[in-house]
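Letters A, B and C name the chains as they come in the text, with residue numbers starting at 1 for each one.
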Amino acid sequence: MTLFDRVFGGNDAVYGLTEAAIDKAIAEHGADKAIAFPHTAYSLPCYYAVTGTKVANLGELKTALGVVKTLMTREKRLNDAFMSGVATALCAEFIEVLKYIDGATPYEEPLYGHLADATIRELGVPLVTGDIPGVAVILGSAPTKEDAVALVKSYQAQGILVTLVGGVIDQCVEAGLNMGYAVRIVPLGKDVTSVIHVVSVALRAALIFGNVTPGDAANLMKYTFERVPAFVNAFKPLDDVIVACGAGAIALGFPVVTNETENIFRVPKSLIVQEDVDKFNATSLEARDIKIKITKIDIPVSFASAFEGEIIRKGDMQVEFDGSRKDCFELVQTKELTQIEDHKFTLIGKDFDEFEVGSKNAISYIVDVAGKNMQSDFEPVFERKFHSYLNCIEGVMHTGQRDMIRVRISKATFEAGFRAKDLAEVLYANIKNEFDAVVDKCAVTIITDDAECTKLRHDLAIPAYDRRDERLTTLTDEAVPVYYSCIMCQAFSPSHVCVVTPERLGLCGAVSWLDAKATNELDPQGPCQVITKERVIDENLGRYEDVDEAVAKFSQGALEHVTLYSIMEDPMTSCGCFECICGIEPCSNGVAITNREYAGMTPLGMTFGELASMTGGGVQTPGFMGHGKHFIASKKFMKAEGGFERIVWMPKDLKDTVADRLNKAAKEVYDIDNFTDMIGDETIATDPETLLTFLTEKGHPALKLEPLM
Amino acid sequence: MPFNGKSGKFNASINAVEVGCGEKAIKLGGENVLPFYTFDAPIENSPKVGVMISDLGLENEPAGVKAYYEGCTTMADIAKKAAAMPGADFVCLKLESADPNGQDKSVEDCMAVVKEVVDAIDVPLVIAGCKNVAKDADLLTKASEVAQGKNAIILSAKEEDYKGIGAAAGLAYNQKVGAESAVDINLAKQLNVLISQLGVAPSNIVMNVGTAAVGYGFEYVVSTMDRIKAAALSQDDKQLQMPIITPVADEAWNVKEAMASEEDMPEWGDQEARGVGMEVSTAASVLASGSNAVILKHPTSVATISKMIKELM
Amino acid sequence: MALKGLDIFKLTPKTNCKECGSPTCMAFSMKVAQGAVDISKCPHMSEEAMATLSEATAPPMKTIKVGTGDAEYTLGGETVLARHEKTFVSKPRFAVRVTPDMDVDAALAEANKVDYDRIGERMHAEMVYVECNGDAAAFVEAVKKVTGKGKTIVLACKDADAAKAALDVCKAEKPILNGADASNYEKMVELAKEAGVVLGVSGADINELYDTAAAIEKLGYKDLVLDTTGATIKETFATTVQVRRACLAKEPDRTFGYPSIVNLSKIAPNDEAMQISLASVFVLKYGSIIVMDTMNYARGLALFGLRQNVYTDPQKPMKVEPGIYPLNGGDENSVVLTTVDFALTYFVVSGELERSGVPCNLVISDAGGLSVLTAWAAGKLSSTSVSKFIKEEVEPKVKSRKLIIPGKVAVLKGDIEAKLEGWQVIVAPNEAVQLVKFLKDLQASGEI
């Protein structure tokens, strides 16, 4: 028998029962007899939602059954199976509504049956906010009543709303479980048809919260799939009727997890066999992509930003981990989803209570993360947050990064019971909370064993850092498909937009292309947006239609054109938080750069402050441009005008800071040795004439370049 | 040769949002010109003036406000009287008593007040929380339910609590969502996007983009509103075309200029006149910058600002 | 379109002669482009270049100077319609209206009661608006009473003889003669020229105002202000906005490129709240001189605050003076709180502290006028800056050794404690609104 046979068979059986029941009711009450569920404005909510037709009496119900019949096509295609599933659900609704005839109350404590509209409005809000992260539909009888209770309680602890149908209700009653809407455990009914009451909730939610037009079946299913985080746990044995109902659930986007192995057909993400009932919870959450928010980090001391600046002195220290003496490191690694068990903690080596008080030791922590949207480029972004996470723990101090870290734990915090697993918990909870857009699973390993730390540092961590650094150096503007906008500064500088490319980080020096990318992925509505670079106008200037459009959009029309690589033609604007400003120095045919820290005069005749007032505020000033220090040695630095060999002057401190990188780049690009020796500074000249003399003496290449203007 | 002025009419316009029901319903927004630029194109819906009342009663109010409400003993009385204030278009009920740092009244107690006010008046209603994010999430969700059928503005949904309040007000109970951000065009836009993503129709959103009393960083308020209107009208930015409502009374009456007593500052003269000065100056300024509604409390302010609007329309 | 600095530079002699006062021709060109200096400061510019540049760099709206000495004020010179586009440059000035039938001395004395300092700026009604009601002799008497009082005088008088007599009294103080209209402008121009004063122009409507201004320009007189007051509030607003918009348009209409006078005593007589409301509107929307019945604190506290806010340069935040500000009767034993010198931060924080009622000392150190996080990121608020200020300025004056720092810079706690021996550093909440509860809790627990 195929899955199609089972669904069609189950559907046919329910249809037969429904037809018989309706006929019997008409015979008994007449076709004009009114039928309705109590406290709803949506008639028979499921039928109304799917077809847009309201049903008020038995005669109309009979007509409606005819409509249901048209859904029951019998081609062996997936769609036919789904539609038969929906038909089965609608039949169930018809059978259920008959129970309410004459104002009957077919469901008594603890059973709920049909739920009122008011309940849905009330339920809808926490569903939208994620306070109720999911809706579980548990169907049939668990292997034992202990299994039943354990499963229900596991969902309850996560804030998930649990609805129960069939034998599981008796199991919970027998075990004395406190049930009811208030504790988010809702026993619907013992007949399998009572499952329709939870479907009814989902579909009315679509009508009320999704503004879906009744009868617009496509949008209805889209809504339930995207917005109603429900799933089904069906215990074996599964008969054809349940399989048919399951097809209906899947049609609405609700995966079915079962422990049935006989005569079942696995459908990835939709019909999942999980023999171990203990794992129903994890399997279901993963299948429905439900993430549980961690509201409180379970550690014995406080966690708050107020502790960030705490310093732990030697005398107050229980134990210290010191990367300058011992092999230590911190590392985030991306793994496949199947490779990680979420929330797993592993300790290799001694725990904090096994160290001598005040001793220096080795520590390493590896945070494994996995997620459908995870990218290895985010690893350093997460890793940089460790510093702040660990410092926010009361009585824990953290400095440094990568394999140069130092961690101190105070005596008071140790005495409060703080151990390695708590440190892991802080990392786990923060990563899961802050990066929930990309992290589905996270596991933490803490290593305090000296030998293991040494081994992993050299075999695992250092190669990983090297790979990342390598990636950074090979990351060029040409090598990436998109750039990013950054408008973090618009509060101060309303019309400024930064275009962040790999070779040109934000002019504040703080936002790299990778940062912007991560910001965008983690907060898609946030300050960094994707800028495509498909419609190039002039490659040399770095002029793109896409970039112009983005800049116009994000500056609200204040700025229409920018080039990425020119300071003469539509140079990029600045907010005012630039580290450096460069401006053309006409006498020497080059540019002078000055930086924020240097308050003195430049050969341009203007100080940093004067230059800043002209170039800040999102104003485009050809010949002048704000930028980050890092940009100075970039191959894209005023590339359109000949590149960084135009630099004729910099304050001495700045020159020293960038000397290594600039000299290396100059050698590589222009074959010039010790380029910085040719560049003037304030000890040589602060006026253009003296500077020119100096440059001529040194044979500065800018003097021979094409005139800048 | 006569003056040849170019019209500043835009092709885009601010959303028109209806608040309240029946004859007294009002419309906020709808214009396609800058504030009060009726010489560019007619403005169909003039800006509106609301009267703020607090569930803390009248005890801390200035004499002129107390005098106006003289004889009122219940919140229903106060609400009715507020609705009848000359120049008032709507009433704003502020549930201040819920503040955990103040009286910390229970949500249930506050709902009784909401019910009382809802039943007492037929003018459009705005329900404002106590400004405590955690409490407001619950308070305003419930208030949305209690005020069903009023088509009220729920003030407000912030970045921290927009989901619950947005879903309750904008989806479950058919109210208008007041989206509150802190004087920053990008935050205002982001919040509108997020609330829209919940499924709330843009026609059910109004913005409170934040304000300050004049003299207290008010330049940010002016520039934020100027930029929002420019983006909405000249750039046709749909995510910023929601009308703006600005609660002025709280800010204006809470600064030294309005709070210092005559004893403390004898040279400053009449305290109430100073408060009215701060209130009307702030209100006129936010209206000139693009607010489609202001919320005030002093009868003189309400009368003056509503007259000014009429004169300018 | 305005010329960019580089375009101007190309026309300069490029000799870096420094005679213009700038060290290089480039620096000079950039300043001209910003409108900070006039092109004529360069003595070596070719005539041809000068002609090209004067036209292109001439501001769309004229900058007009009125008054003398301390009462000299600059009006106009605006380049943008909204402050966020660049900045507004010339604050509107408030004028107190007097008429010959009033007790002018008393009226001035009343208005002069408002004279205070707010973040380094003197706040008072700078001008007096004397209206002639037909009796020339009485008008002259009134003008005499306002002359020599340190206020810039605006003579509202359409009668040439009366105006001449009044000018004879006060022209040394460079008053404005607000009296030209379609019927008398030729005479008025002559008077203004002769006395060397700015002429105010009015019209029955915006078209007549335009034609009259154009006619006066033709007579070669360009020291003008435009009285945009109409018959109604609506007309006044429409005219004032349209005048400013025309001159700052992409293709500027310079006939309207002058400051404005808005007379609220005419369109909202005897209504204080309405005058405050409208004055606020015109501070934002293009009034240069705003005439009101009087000045008092109810008007001034609001209007001066508004004006100070709106006329700050968006790129130069308002700063408060570093120092110790005792609040709620704080004395040497009261707890110390510190924050940055950004005026907005100061106002918000001091407001909340006042509301808490807890006696304390608010210590403001120089943080470049930036907000807390910005100052911290820029290195202007650091453990060094704070501890240095505390050591040098606070320790000699305050005995308390408890310092509360902003929650947003909690990371400074340890470093500050290390640098300030004997001090206990307490971290405040992140937001100012949480301060009231925070301080009250500290007080209740006996911490402070």
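Here, contacts are C-beta pairs under 8 Å (C-beta built on N, C-alpha and C of every residue); 3 or more make two chains touch, one makes a residue touch a chain.
Remember, it's a predicted structure, so these values are computed and weren't measured experimentally.
*Asks:* Which category does the touching pattern between chains fall into here: line, ring, star, complete, or other?
*Replies:* complete
*Asks:* Does A-B or B-C have the larger number of C-beta pairs in contact?
*Replies:* Taking the two pairs in turn, the one with more contacts turns out to be B-C.
*Asks:* Using CA atom averages as chain centres, what separation in Å is found between chain A and chain C?
*Replies:* 47
*Asks:* Just curious, how far off is chain B from chain A if you go by their C-alpha centres, in Å?
*Replies:* 35
*Asks:* In angstrom, rounded to a whole number, how far apart do the mean CA points of chain B and chain C lie?
*Replies:* Measuring from centre to centre gives 29 Å for this pair.
*Asks:* Multi-chain contacts in chain C: which residues touch at least two other chains?
*Replies:* Residues 84, 314 of chain C each touch two or more of the other chains.
*Asks:* Listing for chain B: what residues touch at least two other chains?
*Replies:* Within chain B, residues 223, 227, 230 contact more than one other chain.
*Asks:* If you look at chain A, which of its residues touch at least two other chains?
*Replies:* As it turns out, chain A has residues touching two or more other chains at 494.
*Asks:* Which residues of chain C touch chain B once you look at their complex with the stated criterion?
*Replies:* For chain C paired with chain B, touching residues are 82-84, 113, 118, 206-207, 209-211, 214, 232-234, 237-238, 241-242, 245-246, 249, 253, 256, 271-274, 276-281, 283-285, 296-299, 301-306, 308-310, 312, 314, 343-344, 347-348, 351, 354-355, 433, 436-437.
*Asks:* Once bound in the complex, which stretches of chain A touch chain C?
*Replies:* It comes out as residues 305-311, 391, 397, 492-495, 558, 568, 576-577, 583-587, 601, 603-606, 610, 613-614, 616-617, 619, 621-624, 687-689, 709.
*Asks:* Give every residue of chain B touching chain A within the complex, in rising order.
*Replies:* Counting only chain B, the residues touching chain A are 141, 145, 163-164, 166-168, 171-173, 184-186, 190, 193-194, 198-199, 201, 223, 227, 230-231, 234-235, 237.
*Asks:* Give the list of chain A residues in touch with chain B in this complex.
*Replies:* 121-122, 124-126, 128-131, 208-211, 227, 487, 490-491, 494, 525-527, 553, 556-557
*Asks:* Could you list, by residue number, the parts of chain C that touch chain A in their complex?
*Replies:* 4-6, 9-10, 14, 16, 22-28, 30, 33-34, 84-86, 314-315, 374, 378, 407, 409-418, 427, 430
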